[in-house]
Amino acid sequence: MPDFMSIGRAILAKQPFSQFLGTELVELASGRAVLALDVKPEFLQQNGFVHGGVLSYLIDNAITFAGGSVLGEKVVTAEYKVNYISPARGERLEAVAVAESSGGRFSVCSCELFSVAAGKKTRCALGQGTIALLK
Amino acid sequence: MPDFMSIGRAILAKQPFSQFLGTELVELASGRAVLALDVKPEFLQQNGFVHGGVLSYLIDNAITFAGGSVLGEKVVTAEYKVNYISPARGERLEAVAVAESSGGRFSVCSCELFSVAAGKKTRCALGQGTIALLK
Amino acid sequence: MPDFMSIGRAILAKQPFSQFLGTELVELASGRAVLALDVKPEFLQQNGFVHGGVLSYLIDNAITFAGGSVLGEKVVTAEYKVNYISPARGERLEAVAVAESSGGRFSVCSCELFSVAAGKKTRCALGQGTIALLK
Amino acid sequence: MPDFMSIGRAILAKQPFSQFLGTELVELASGRAVLALDVKPEFLQQNGFVHGGVLSYLIDNAITFAGGSVLGEKVVTAEYKVNYISPARGERLEAVAVAESSGGRFSVCSCELFSVAAGKKTRCALGQGTIALLK
């Protein structure tokens, strides 16, 4: 069995944008990935919540890791959708992604995005998308 | 008629995440918004392309501006979808968003995301989503 | 507590398209709806599987019922997304929809679509969308 | 150059669900497909509008044809999203689909869905999705 965490951390370390934001790989197993990100003041929007673009980024990246765990390392997000459920406040974000299917070339993945404020988790967004294996 | 550009620039200036990345409002008119972003090395992913999360952020923000131009200032992206079409390389990104409908409380918006490399524009992603007026 | 099943069956009985196809309401409770449909030869596509449009219809309708169970009767699907996972064959379809959030005017719902062939259930599609309360 | 209309009509004739509803292929060219459907009373929902599932079906099918026109005959819709814009009334539906990209294995397509009432066209829904070439 591949050492998912080592492989995943190595990939994340090679993503300048993830390093720039400070993304951590919390968990990576076959069909499941958890990414987290400490919220910085620079991540907010005009109403004081975390900008949707940060949530989307984390969902996009988490489903790529979940899909990659079943398809292989050389994957990209082909498409995805996000529904925002509640404003994200607090000190940390967590994206929990699951590979819902795996068909050799594609994996359909879903993701729940949580914010953590004073130890309380709130689900802020839901994502669903397609991860594709590169040729 | 509202001075869209002044209003839009003021909103963008109040978005810490947009300031952090360096987003510019290029155009804002009734039903249409163009945002641009100079690509920095920190925006890339492991294959040397701009990270999808950056593209998604710019699409999300551009459709919010386009929707806000027909609904009013107090709007949020309720949901959206992105299809990535080609890897984004080059020195600049441009998101061109259009309000496809406006029904008082919601606006369905679409967005084309271009990268600009050595003066050549390439369409890299397509977005479609719903902007909602806050109560 | 409202008698969800009676209300739901009455609404379904007033949908000519659902009657035309033969849709049944199997379950309706606060935040959850299950619709089912016996597969007829007319529902297929050129490869002998159930046409994606039939699966989409059932997902669309199931999330409307799930959203309506938390928002009220006067609801519509504002938008949704479907990812097809595996071809649908067999004698029956079941759509299990859940209201993932409820915010007064909107509910984000998800749906799993199963086909049943010789008693064996296969998950064929996943949906995610927004249900909106009419004014 | 392939005779798109002949090929397209032959495929449509082999889709029992499309025959059941009465779908017509109005136009098929490289990267573009137009499907139409005369509205029957059986297609409505409880408020007297055409059921969203009918609109979704037509969008799903139209993007498959548009994608197939650039990828080849053996294609399926992998995923798509629909935003409903206005209720569909009237005597006819038209779905105009365009292949926005073509990358060998996938084509991202978009679709506008119109209803026609007393000669007046109204745009009722927008779709965006991925068509995949079967192996």
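We just call them A, B, C and D in the order they show up, numbering each chain from 1.
Please note the rule applied: a residue touches a chain if its C-beta (ideal position, glycine included) is under 8 Å from a C-beta of that chain, and two chains touch if they have at least 3 such contacts.
Computed from a predicted model, the values in this text were never measured in an experiment.
Visitor: Provide the labels of all chains in contact with subunit A and in contact with subunit D.
Guide: B, C
Visitor: Please tell me whether B-C or A-C has the greater number of C-beta pairs in contact.
Guide: Contact tally favours A-C.
Visitor: Relative to subunit D, which chain's C-alpha centre is the most remote?
Guide: A
Visitor: If you average the CA atoms of subunit A and of subunit C, how many Å lie between those two points?
Guide: Inter-chain centre distance comes to 28 Å.
Visitor: Take the average of all CA coordinates in subunit A, do the same for subunit B, and state the distance between these two points in whole angstrom.
Guide: Measuring from centre to centre gives 21 Å for this pair.
Visitor: Would you mind pulling out the distance in Å between where the CA atoms of subunit B average out and where those of subunit C do?
Guide: 33
Visitor: In subunit A, which residues are in touch with two or more of the other chains?
Guide: Residues 78-79, 81, 83, 108, 130 of subunit A each touch two or more of the other chains.
Visitor: Across the complex, what residues on subunit B touch subunit D?
Guide: These residues of subunit B touch subunit D: 81, 83, 85-86, 100-101, 103, 108, 110, 123, 126, 128-130.
Visitor: Give the list of subunit D residues in touch with subunit A in this complex.
Guide: 78-79, 81, 105-106, 108, 130, 132, 135
Visitor: What residues of subunit D sit close enough to touch subunit C in their complex?
Guide: Residues 11, 14-20, 41-46, 51-54, 56-58, 60-61, 76-84.
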